[in-house]
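By written order: A, B, C and D. Residues from 1 in each chain.
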């Protein structure tokens, strides 16, 4: 059994980790910590775990590193990079669900996050844990930067077309819609029930921090620098991300041409499901699962491709992919503990 | 592996059965049937199963009885009783999620369902599959009447107090709130999105068919005839039932007195979770799970008890309990394939 | 034009007051105040008023009393009673949307609100502003206690039957379901979107502060002391209250008998609409309006009546009724500025 | 008083017309018709009108043309063009909420709607009733084609920039999100509560019939042919449309440059509200109102503009604009009967 620890277990991503790991056949939860709820029983905070007793401990990462085979960090940006150091990494593996180790370009990090990076020596070692793309790089590593929710959905949807240069790299527009759990469990007027329910809005237009993360990864794939537009929207539902992506096609490709390219990259990827022609992903079909559904249409009138990608933001977009990374790190079948369909209707 | 068949697999309860059985370690799905979608791939109807290929067959219960160890029926009332006969029961076990075998009193059935009963010879053999109450009677049987959703929640919440005669049996009032999946997948104006969303209503006041089902089972427990009030409400959410139950206490019982009685019956029941004092069940904590959460308050001013019971109507209220019944019939640990907490927030 | 002031204009009830008064043909808003947003433009807080410029001022009730014909108070309990005094009342009329002047029995107030009453000298003068019941008492008064949302719905639904002693006064049970705006605009985990959405729960069982308010008013109607059970529920929708009320009938009354009594009291009440037999109120049909819909069924099996009352909690349950009270105080047609149907679907 | 008739009064747009006209100071409803509910009382279908008696009549447009000053048609495409003829137009004015008279190019109509146009002789006379753009053309006309919901929002958001040629006309992408009322009141699985709730999806990608409508009108503004991408999304809420629009800027325009252009066209338009810099429209701020809110950001990195437009699809997107057109036709102040802010939270 893999001994796991979770730092920041009482946020929504942390809670999803607890849920997935509780059902994982090869892992057990050794320690969970919470700054806000330390000393409390986890099932007083998340009553879905009413039948399980587990105390939120005060965080002591050094001790956890000695006791756990892997530690998941579910922390605000700027915090994880203060906690992780060489000594920790000698004792355990780190899977960081936050932003601190996702951008390899420190200048970009410091510009978008408006704070100095606090672990510049560790950063080069971190691997961007987008499993389907970086699987081979992940194996054997000590620290994994688990991708953001919007980024997972956006990159997976675009990767084959960027890699194969089928689209005009200057034309990419990502219009993404997220459920409210993406905003976390902190209480703000902007996530107060009556302010969010029955309304949709865009936010952080042309300024959301997942933009450079998408750009950096897609630029690696393209072998050249990509700048794109990314617009997130707050959608009145708990979970799910739908990305609607627009790009100009470089030639008059048919639906079949594009399909062939997606299949080249994804036909053996269990967690990526291509929809049939004329069928488009809906967030309900992935909710509660680790799947990423991808569908697309070719618009002959404009010679654009319109791609839809859908994931569960807390699962494939956070905790599910984190466990998938754990499975890779510990040489398990990637599907272990993650092989369940979406629950519907829910 | 237990070979299972599902007749009526494309309704919501059928779909939840498919989901649960797909993940069940000791069962496999041999045949699914659907009247509306026969010949179609199940994953074109429920795209959460996009990664699984399975065809909806035309129903042939005789053939299924020979091939399956157990058949689940998810059919409208009046249909199951036409299909089940002695020959079927000699070849397989039947777990009926519909109403036809729930009421032992044929007069009551015919009065409330306004149709003659079509399997009067089979009915006496059927056991009411409320697992926690009738576990011992279920074992070894050939046909199980899986309880209704409202009834499961209502009976489990009241059973200990009725059995121990702590409450005035003439005073029972059940005010129940259900998510919209309880109304099924058939398209009607009454379940059209905009008609249901952002509104709550009562329906079938003093006339809902789950009333006699609750009364019959509680009357067995009491050893005397019980008549009660039951009011269902349609609540703007997909899943979940919350029953708020009122009854006069026969003496000045304290919270502790009542708690003792609940623990007497339920302390070893894995799927029944009593909430702590001052904490009341919420449907979100059971959604997607087979748990039934129960909490209560004693109102000294009126000497009434107010009980809250919460279940997932499609899981413990339908497919989950059906699989729990299957586990009992096949001598498996009752939790097999059902041992997961609610998914939250979802 | 009636000059109006609103103290506490940035809560949801205050905002509904602003909306209603903005459209009122005989009233104008002179001053709005807000503790949290003073100095800010109201349309930066409530952007539905983007086309109107109005500044939130610092509260100065003495000055407002000189400038306004009526002041609406939308404040937490315990605050209004500190602000209102004889001098204020000599200059203006007060309509208090809070709890401080609703209970005439100071002991009951202090027991349920756990704070000493701060305007004991003013209290006897206050009239409980349930317009349909107390219309004649309201006229000419200086201070009106605008009823609570749950209480408006509950009392209106029960009043004729209590007054005519058709029901067993010891048997009354009110099971009420409210939208989330009832909890106000303050940010708490309990009203965080993902915690509330897609779930229903009871709260403050046997301890909600609207209980004594309902009891006091119904006791006046009955001429004897009434104790009852009241259970509020948080329902995943923005607006609306549905009360499902149970009571034993004192004789074997028919539907028609009861209907006659309701019509006796309400047939000329514009804002009370009795549903047809077999039709029950739904909150969607009153949302955004000042109507109270009432329907009922007689359950012959139990000889109970089950009544449904529905209102919009922010309108008839708060701001709408406050304006109705203003109309009475200023001898306007009661419907002035309030004569619009529910907006549906919304 | 303007005598109005509504053909197709029991759909959602028809119902919103009834609601608006009921409150309109210069109009009265003479006749309402419904194919599905003829002979029934309107308040049995829409119970929000419980206090009003009005019968759904069988449609007789000739008779209505003699009795009404204006007839609103709320019908499926292909139906209105069969009903309207020269004789009708000699007796009354027609405001058609459907698609039949929106496209002046018959070839485009027949290609997208896959049916021959049935009133080719009337079509040239019809004016596209986008009030803010075509006000002067509307005056004095006999037949107005009321614009679609998506189109109203999209065209108003883009018009000034297209007219002034500030954007690359080949680069326009409209990603639109609509509430479910946009799909009407017909019952289908695709609008069944549990299928829609808590999920978002795109539909009719690159093939939605509002596309040519937007293109035709913007082409008039540009003086050249525009082809664009339009993607509608079904959003889990009752009402509201948010369009997120992307276009390349033809020069390095600043926020102020763009603002100036919007103000040039809209500063005197009561129903168009420009948001402040950094503030973006949300559908909640226009719900239940006739306003169109517009905001934008200039993305220096990509030299694109991202525009957000928000309307209520049933109000400004259908019935509200229809009444605004009526006000223009009858020389009333355009705001008459439409001058109310959004109701929030609702």
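Methods note: contacts are C-beta pairs under 8 Å (C-beta built on N, C-alpha and C of every residue); 3 or more make two chains touch, one makes a residue touch a chain.
This one's a predicted model, so the numbers in the text were calculated from it and none came from an experiment.
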{"item": "Contact-richer chain pair (by C-beta pairs counted) among A-B and B-D", "value": "A-B"}
{"item": "Length of the line joining the C-alpha centres of subunit A and subunit D, rounded to whole Å", "value": "39"}
{"item": "Mean-CA-position distance for subunit B and subunit A (Å)", "value": "36"}
{"item": "Distance between the centres, which are taken as Cα means, of subunit D and subunit B, whole angstrom", "value": "46"}
{"item": "Shared-contact residues (touching 2 or more other chains) in subunit A", "value": "12, 181, 194, 197-198, 237-239, 282, 284, 287, 345-346"}
{"item": "Graph class of chain-chain contacts, one of line, ring, star, complete, other", "value": "complete"}
{"item": "Residue ranges of subunit C touching subunit B (in the complex, touch as defined)", "value": "173, 175, 177, 179, 194-195, 197-203, 205-206, 227-229, 231, 233, 235-240, 242, 244, 246, 280-284, 287, 297-299, 301-302, 304, 306, 308, 345-346"}
{"item": "Contact footprint of subunit D on subunit C as seen in their complex", "value": "12, 15, 19, 22-23, 44, 46-52, 181, 198, 238-239, 270, 273, 275, 279, 282, 284-289, 291, 293, 339-346"}
{"item": "Touching residues (chain side subunit C, partner subunit A) in the complex", "value": "12, 180-181, 185, 187-189, 191-194, 196-198, 237-238"}
